[in-house]
Structures are given as structure tokens and as C-alpha cells.
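Okay, so subunit A shows up in both of these, paired with subunit B first and subunit C after.
Moving on, here comes the complex of A and B:
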């Protein structure tokens, strides 16, 4: 009969179903299937359902009975309507049922992004498709969907794919992206928006790096970087390699999110919203690991061939240099060139080992341009290794859960800045008292009875040397300064409980101010450090 | 006998009295071979097969329960209603059987007339008489006859290209008629293969529950939640309704002999003794009628 074709292929029964299977032909269909299946009793069955337009309940029963005699039934190329029936009736739980994928062409489509694993094209006004390099990308697609969903739950604005399609010999995932324009395109076409781009780009980056990820949900980026470090062993002296590995190992475990491929093609302006895309590299780790891949995207890969950035991002190398410098300055919240250069060098060390490894694997030392590139990068790396002792840089912001246990972490964080500024011990202790009072106050009351995070930000400015410490929480709006100061002339027994801590903070700092802004309590205190 | 002694049960099968291919005594010997503890014969709109089984039974044979399956229809759709444990001599059940038989006979007569009018097939009168002498002749019987008379290539060809093409307004027993007839005869009405409607449809979720509620108003008392053609989600959904509406639960294969490749005794219920409690309550309710 025409609805059933098939044969036994080795240890497998191969069937092709087509047309409609309903009560009119279910009996014949079953007889035809049995005639083939009985030649290899109990063997695995592979059913190609590409031409199957409809299956009624009588048809379902035929498949069900086949499943009773042959445990391993796998149906492929199922059209969406038929798949829905299989899914609703639980067949997808009893056997492997693979959907047929819509075929999408990207010929002539605008390329809007390119990442390590694939290329993103706009297929129409409202939709984009990410085509994966790997032909067997279904697992990667699944992974990216999962991490994008996790990121969204954690508050990162991103698009989640709603469909998987076939593109040429590979797979693609389709996203809705209405009227989107990537930051690369904005930088290329509207250079006057540079500063706006820097601000939005850094705000989103800080949001990503400020997002705590529950343990085990995302890969640990440091592990990958360690493997790059191991790869470098034959190309460095023993001493250099030991130093490199020690510095990578010293990067602390960090449960904050990193994007892993944070360049301007992966940041889109959608209407008025800034959206992050291409989430498959999402991980957790220290921000230096992110800065390394950003350095590569804007500068590293184009250092010797400035056309690379033009090809990849659409803007020229000068724009890339300016943008990267401004981003780093805004991210570190400093205009101190020495400090910016210092962090850039740390990022370059990781960036370079990644590029060297990539070049060795892709081009090899045997090809002329591979050899030139690799030798130059290696000499740079060796030079940087000679003058760098740590890959850590201090962020002036600490984001922790506001609990009493984290007090020592907060104090240690603030003290490091004070020590660097040669703050006298007495002033240091006064500041510590204030920090303790304010943080404990947040830990006890801001989110009670729940818990939440607090951000501590430290800035040291010159002339005269002054430290500014900010506490930010998203708890109940509360102005601790509004409370009347306790009457300290009264005896301890007569005094009202509470209020004393804030009083002490006020006393020990030069200035203390409170404001409530965008759902956040912001307490700012300042003190002059006199040497 | 305690209901827990019935472990392997199959309460839905057809004999030659309707569209099965095993005679009542053949089915009895198959039931013996299959090692069933309890079985019921449920022919379409007919109960004659039951008396045939009862007279063929011998000492030590599997236990038996009288059954029937009525094809019904109303404004809400088509329903197959199973009836169990009725008094086979009751005028109430015989009335429904008679009505079903007449409707079927009218239908086949009308169909033969229409085929003759539309395609010019000349059915010899003695063949028509022989066909109508069957208990409940249906499309397969007619298709076989047309093939034998050389009108068509095969039974399927006859059904697909001729019999199904002539549209006739068919009359059905209404579900409340069948349900009331079963209840008045002291039996229990149960909705057959609920998810599959009258065999070809697929009802799940709200649609399924709405159909069930429609029949509950008429007095349906149980659902065939264990069925050879059901998947786990279907079974689970129906057992959920059994809990929600306090219904009896039955298990059936819908064995038709060679007409369907269903294995006798395959009901997706391994052991009735540790099934949903609705099964045991059903067996207790019909225990007086089990022989």
C-alpha cells in the first residue's frame, strides 16, 4: 500500500509513512507494517514521517501496538500538526519523536551578528535566525535556550528563541527582534551616539556582572581559561608558565554572571530597550575574564590587521579604540590612565593566550601568517608576564547578600582602599565603625523578614584626599538619618534603644546623606583622609 | 468469590455476533488460553453472544460477565456505551437491542438501495436476504459481498470508494436510551474508550470532560480507563475523572479477532487486584451477575 514503505536494514526496521492514516486504512497500514516488522522481530524501528499529513486515533493505535512489540521506536520528520497529536497523547514520552524543522533560507539576508558558534541573520522585519556553525547543533540550541531563560529569570534583558529551523545543512534558532539595531551598527552609522552607547553598554555590563547566579546553573569560565593556560605550556619557559598558571589560579571563585562574548554586535537596541543576545557563552566568573574577551573583540583580533574589526563589527579601528577606552574608563569609574592601562594589560594576558591558542589550532606555526601572528603575540605575552604579578583588579563596587556574616567581607573591601590611600589608622578605625553600623542596619532591617543584597561602593578622590562610601539596597524605603539623635547625656538605662549606631556613624564621618532613588536606598558618607 | 481473585480481566471483546471473527465458543477457548480470570463479551447492539458463551462454558472455565456495546449518538456527538451485569431477560435491555438491530437493518437496506441507484449495482435478492439474515450486518459484510459479486476489487475498495460515498442520514440510538435501558435491566452503563469517542476521534482535556458531564446527567456510571489503545496520559486523565465524579472503572482490549490486531487480554491493566479502586468497586457491584 502506498502509505507504508520500508525494509529491514541490518539490525533496524526502517519505515516510511505518508498520506493520511485513519480508520479507513488503519487495518491495511497495520498489516503492511507487520509484514515488514515481522521479518526482524523486536528490532528497533525508525519511522520517517515526512510525508505523513494526518494520523487519526485509529492510526495512533497502530503505532501504539507496534511499540508494544518493538520497544525502541523512533519517529523522525514529524510535521507540526502531527507532532502536536503525538505530544498531547503522550507518544512523545513513550518513544522518541522528532519534529520536522521548517526550512529557512538566509540567502541575501542581512548578517547582524557573528559569534564563536554561529551567525545571526535578519530574515524579515520582525525575526532573526541564529545559524549554528556545527551541523549537529540541536544540543547547543537547547543549551542556549536554557541559559537565556535562566538569564531572563535573573533579570537580564534578552530574547528567547521560539522555534528551531533547518538552514542549509545546519540548524538555526529563531528569535523575535522587532526593529532592532545592534550597537555596532549604531556606532558605525551614528558616531555622535558614541557616549550614549558607552553608557548603555557599561550599564548593561555592570548589570550582568552584578547578577548572582545560583551555584551549578552556569559553567565556570575560569575552568576554560585554566585549560587555555595549560595549552600554553610548550610555548613558554617553565618559569613564565608557572607564573601564568599561578595568576589564573589566584582569580577567586565568583558566582556573578559573565556573558563571555560581550561585543557590540551582541547588544541590540530594540525600541527603547537594550537587549543582550547570543547567550550560549553565558557563564560565571570574575570580570577580568570578560574584559579579556572584550579586549580581543575590539582590539586584539585587529591589532595587526585593522580591517578585521571593520569586517566584523562594521566600524573602523579608530572607533574601536575610542569605544574600548571609554568603556573601560566608565566600567572602572576612573579617568586615571595608569589604572586603565593596568587593567587592560591584565585583560590582554588572558586575551593573548586565547588568541595564540586559537591561531595555533587554526593556522598552525607552519603557515607564514600564522607564524608571524603567533610569534608577535607570544613576545607580547612574555613581556606582559614579566611586568605583571596579578590578574586581579579591584572593582570599587562590592555586591553581597546583606547578612551579618558578610560584614567582615565588606570591612575588608573598604579597608583595602584606605590602606592604599595611606589612611592613618585612627581614621581607618572611625570609618570602619561607620561602615559596620550602616551595613548591620541594612542586614537587620532593609529586607526583614526576607533577605536581599547590598552594594558597597568606594571612591577615593584627591585634593584633599577624601574617601566616599556608598551603601545601596533595594529594601523598604527608610531614611536612617531622619531619626532624632539619642540623648547621650542620659544614663544607659534611660536611653531609648536604637538610633545609637547611626549617631556613631554621623559622628565619625565628615558628611552623611540619604536619598531614595529608583527603588533604592542610597546612603553616601564622606571623610577626609589626612596623612 | 472475592473480587481480588480476579486479577487478569478483559471486559471488552467482540464475537461473530457483531464484527469480531471468533465465534462465541472460539472466543471462550482463546480466553482460556490467555489465562484470563474474568471476561465479558460486548458485541455491538447485541447480547446473543453472551447466552452462547454461557451455554458453552464448562466447570473450571474463566468467570464470565454479560456485556454489550451500544453505538449511540445525539446532538453532543457519538458515544459507545458499554452495559454490564444486566438481566438478559429484562424487556428494558431487549428493547434497546431490538431498536439497534432495526436501525442497523434499515441502514443496510437503505445503503443497498442507494448503491444500486448511484452506481447501478444489481444485488441479487437471495444475496440481500442472506446478508440481512446476519445478526448485525455492517459495512465490512456489505463490502465483502460487493467484492464477491465482482463490483469492487476489495472490501477496502468497496468501503472507501463506494459505501462511504453514498451519504445517508443514519439514525442512532440516543445515549440516554441505551443508558436507561441498561440501568432498568439492573446493569451498569460505562463509557467505552472515552478518549477515542466512537473510535475515530480524540478527546482530551476540557472537551473530554464536557462529554463525560453530558453523559453523567443521563446516568453513566463508569469509564473504560484501562484500554488497549490508551497511552499513560489518557489513562491518567480518565482515572482523574473517576476520582472526581466517583465513577466505576473498567478494563478492556476491544479484541475483534482478525479484524483488528488487538491482543486478547491487552487492556493496559496488569492486575485488577491492585488497580484503581474504581475497578474493585465495579467488580463488587456486578459480583452477583458474574458466573
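Moving on, here comes the complex of A and C:
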């Protein structure tokens, strides 16, 4: 029976139907199907209908009878004409019937992006296709679509695929991306836009890192990094490896989003909007983990052979160096070279173990160049491990749920800056009072009776040394400073209990101002902290 | 670490005189503890003394509790505050508490 082939695969019956099935051969077809299906009574059936050209009502009745003994029947790869028959006869309501994938060619198509698991091509003016490296990528495609959807819901500008297609021997997902130009291409073709790119790229990065992800929705990147650390054991001394693992373990749990592969081919300018693409690596974690993969993309992979960045990003190593340095400076909001270098070194440690592991697993030790590259990375890693004690760096922004329980976290965050600036104890306490009063006010009223987040930003500037603290919440518009100050000359009997907090904040700081902007309450306060 | 600094409340009763020694931070998180401690202890007290020598920090939540204690004591006895250090004194001055409280 040439129209039917098939076998029992584990817990599933797999059938392939081809040619024409009508009243002439329906009986034979049914017998052939039964011969296979009876080997695994009642098990789910997957029918691949890629070669099926036509099916008549006699053929359809064969499938209906199969469904009586085997309830779960799933038909895939159905061509458009046959799909119409299934649809008209109501079969698509009774069982899962999947259309055959449209076939798309990427021959001669412009490559506009490349990620860990696939390459993105432009197929026409409005559409791009991401072709997956893995031939059996349907699950990956599903995953990526799912995380892109989550990211979009959480406010990250991204594109979501609308179709799955066949490309050569693998699958692709199709996105609408009108007139898109990647940041890599902009950097390569319009070097004068460097500073603009830095700003947009860092703004988007901060948006990603400022996005809290509900628990369990995305993978925890730190877990992956721990496995990279384990891999390094044979290549380091016992002492070095222990230190590495301790430092990775000390990276705190962090529920903020990280992209995981944030380089300039994955950031697209679409008309006037900046979009993030290639979402399959989306995870949660501490920003140092993101900086590590960014370091690799711009510097790490091209350290030994400077041509790599040109091949991959389209711009030269000097541009990569300049861009990375400017990005790090803008991201950390500092021009202090020492501080930038410090954070870069921390990122490099994680970046290096990732590259070393990757190269060794790809048999890098078996070629002279690969071996030299791994040895270079390994010597750098050992040097960095010798002089680094922690992978953490301080961000000047803290994003927390505005609750009383988080007060000590906020106070601790602010005082770390004050201590570093040698702030006198008395001034420090005054600032703490102001921080407490403002934060508690947000916690109690901004979102009541719901709850929401507050962002606290700290900046210390020189000449004279001044601290600026900003509180940002997205609660009801409310200017706490507008409230009348309490009369502090009244006697105890007449004094109201309460109403003192904001007054104390005003008195504790040199300057305090409120504004409402883009749906946000922004309270900014300043105080000089030199003696 | 700031998170570790809490408030220690030590009570010393002598007849109808109660001495309350505070050590650490009297803020939003710890003020309710002090309020609870005082609520159950002031019934038979005529003379209440706070010793603040080791109080490192006070915010409006702490001031509120002191004000409540002052109001309670005004009607039936006296209250005084001793050992006020520079940091705490400044807060008292700014908020007018130097006029409300009896500071020694």
C-alpha cells in the first residue's frame, strides 16, 4: 500500500499519508492503517500529510474510524488544497490539523542580524525571517514567540513573529520589520551617529534592566553562569576555581530582565523606533551578566583576531572599542576611568569563562589558533581572578517595590554612596531622614490600596560635593510638597500627631522639588555634603 | 550593614517612675515596637524618663511616639528626655520638639 507508511514510535503512532485517497483505495488504506495502529491500541496518532494530494469523503471516513479507537489524532504538514477539504468538512474543529509551512528562500537575502541560535534575513521590504540553526526548531520558535510576547507585555519594544515557514532544511519565523536598520549597520555606515547610537542603545538597555519580571516567567541567567564556572574546574588552580565559584554564587538573585545577547545587530531602528529583536536568550539576572556578553560581542571574541568583529558586526575593532567604552560610561553614568575599568574587569571574568568554555567545546584546543586564543583568554582570566574580589558593582539606581519592608534596603543603598563620599555623620542622618520620609510616603500613599514600584537614583557630584537623590513612582499624581507645613510652635496638647514627615524632609535637605512627568511623580532633593 | 541596626528598648521601673533607654534607630520600622511597649506600661506611671544617649537616629515615626507619650503623661504626671546627642537635638529643634519636650 504505497499511500500509507508508518510505525509505532515509543508511545506514539506515526503515519505518513501520500498521493490520493478516495473510494478506490480507501479500503486498502484503512487496512494498512489498522495494521500499524493495532500494534499500539489507543495511543496518540501523528499523521504527516505532506505528500497527500487529495482526500475524498471515503478517505475522511477512514480517519474518523481511526479516531474511534485512537482518540488523539493530529495531522500536520497539510497542503492548502487538502487543508480546505479538512476545514469545509469540519475536521479542523474535531482534531488538530496543521497547515504545511510556507517555503521561503533566503538565497541572496541580506543578513541583518545573527544570534546564538539563528540568523535573520530580510526577505522583502517589510518582512524578515529568522532562520534557526537547529533543524528541529519548532519548540525553540514557540519559546521565542512566547518570551517576545512576555517582553512586549512588560513594555519592551520588540517584534513578534506572525508565521512559521520552512527554509531549506530548517524552520524560520517571520516578522514584520519595516525599513529596519540595525545599529551595527548604522555604526558601520554612519560613524557620525556614534553618540546617538550610544544614547539610544543605553536607554533601551536601562529599560530592559529596569523591568521587573514576575517570578518563574523567564530563566535565571545566573544558573547558566554557574554551569560555565563548573566547566572551568580543570583549567584553573583549585584556589582560582573556588574564588570564581564564590564570586558567581555571591551575585544576588535579581528579578529584572536581561536580554542575554545585547549587541548592536539585535537592536534595530525601525522608522523612528528602536526595537529589540532576537529574544530567545531573554532571562532574569544581575546586570553584570549582561555586560559580560556585551563585552564578548564587541571585544572578547575579537581580541585575538581583530577581524572577527568586522565579520560579525560589520564595523572595525576601533569602532567596537570606542562604542563599548562609551556605552559602559553612559550606562554607569560616570566618566571616571577607574570605575569603568573596574566594572569592565568584572564583566570580563564572566565573559572569558563563557568564551573559553565555548571554544573548548568546539574543539578549539585542536587548532593552533584556537589553542593560542584559549591560552590568551585563560591567562587574562587568571590575572583578573588574582585582582578581583567581587563581581558586583553598584548601580546608581534601585528599583524596589514601594513597601515599608524595603525601607532598610533603600536607606542602605543611599548610605553606601554617602559613606563613599566621606559624608559627615550628622549630614548623613539628615539625608536618611529625608529618604525615609519620602519613601514611606510613597509606600503608604502612591498606589494605595494597590502596590507598585519606586525607583531611587543617587548621584554624587563634585565642587562642592553634593548628593542628588531622586524618587520616581508611577502612582497617583501627588505633590507632597504642596501640603502646608505644620505649625511647630504649638504646644504638645495642640500638636497633631502626624504631618511631620515631609516637613522634616524639607528641613533636612538644601533643596527639594517635585514634578509630574510622563505619568511619573518625580521628587528630586539635593544636599551639599562637604563639611 | 544598616539593615542590622535595630532598636533596643530597655525599661527600668522604680515605683511610679519608669526609665526607658533607647539604643539604635527609632524609625518607621521600629517605632511601632516602642509604641506597643509603652501602651502596656504607662498606666501606673507618674514620672517617665527617656534616655537617648545611644539613640543614633530618629525620624517622624519616632517623634510621633514621643509626642503620644508626652500627651499621655501631660495629663497625669511628667515626662523628660535625657542624654540627647547632637544629631537627635537637631531634629528636635527643626521640628519644634525642643518646645514640646522637657529636655535635660
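We adopt the following convention: the second predicted complex is superposed on the first by the 437 of 531 C-alpha atoms of A that agree within 3 Å, B and C clash if a C-alpha of one lies under 4 Å from a C-alpha of the other, contacts with A are read in each partner's own complex, and residues count from 1 in each chain.
One rule holds in what follows: a contact is a pair of C-beta atoms (placed from the backbone, for glycine too) under 8 Å apart; a residue touches a chain by one contact, two chains touch by 3 or more.
Quantities reported herein were computed from a predicted structural model and do not represent experimental measurements.
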| item | value |
| --- | --- |
| First, second, both or neither for A:68, with subunit B first and subunit C second | first |
| Which of subunit B and subunit C A:376 touches, first, second, both or neither | neither |
| First, second, both or neither for A:404, with subunit B first and subunit C second | second |
| Partner chain(s) touched by A:34 [first = subunit B, second = subunit C, both, neither] | first |
| Which of subunit B and subunit C A:24 touches, first, second, both or neither | first |
| Partner chain(s) touched by A:245 [first = subunit B, second = subunit C, both, neither] | neither |
| In the complex with subunit B, residue positions of subunit A that touch it | 22-25, 27-28, 30-31, 34, 56-58, 60-62, 64-65, 68, 85, 88-91, 93-94 |
| Subunit A-facing residues of subunit C, complex | 1-3, 27-29, 56-57, 59-61, 63-64, 67-68, 70-71, 74, 86-87, 90-91, 94-96, 99-101 |
| Subunit A residues touching subunit C - in the complex, by the definition given at the top | 404, 407-409, 411-412, 415, 425-426, 429-430, 432-433, 436-437, 440, 488-493, 495, 497-498, 500-501, 503-504, 507-508 |
| Complex interface listing, subunit B residues touching subunit A | 156, 159-160, 164, 195-197, 199-202, 204, 228-229, 231-234, 259-263, 266 |
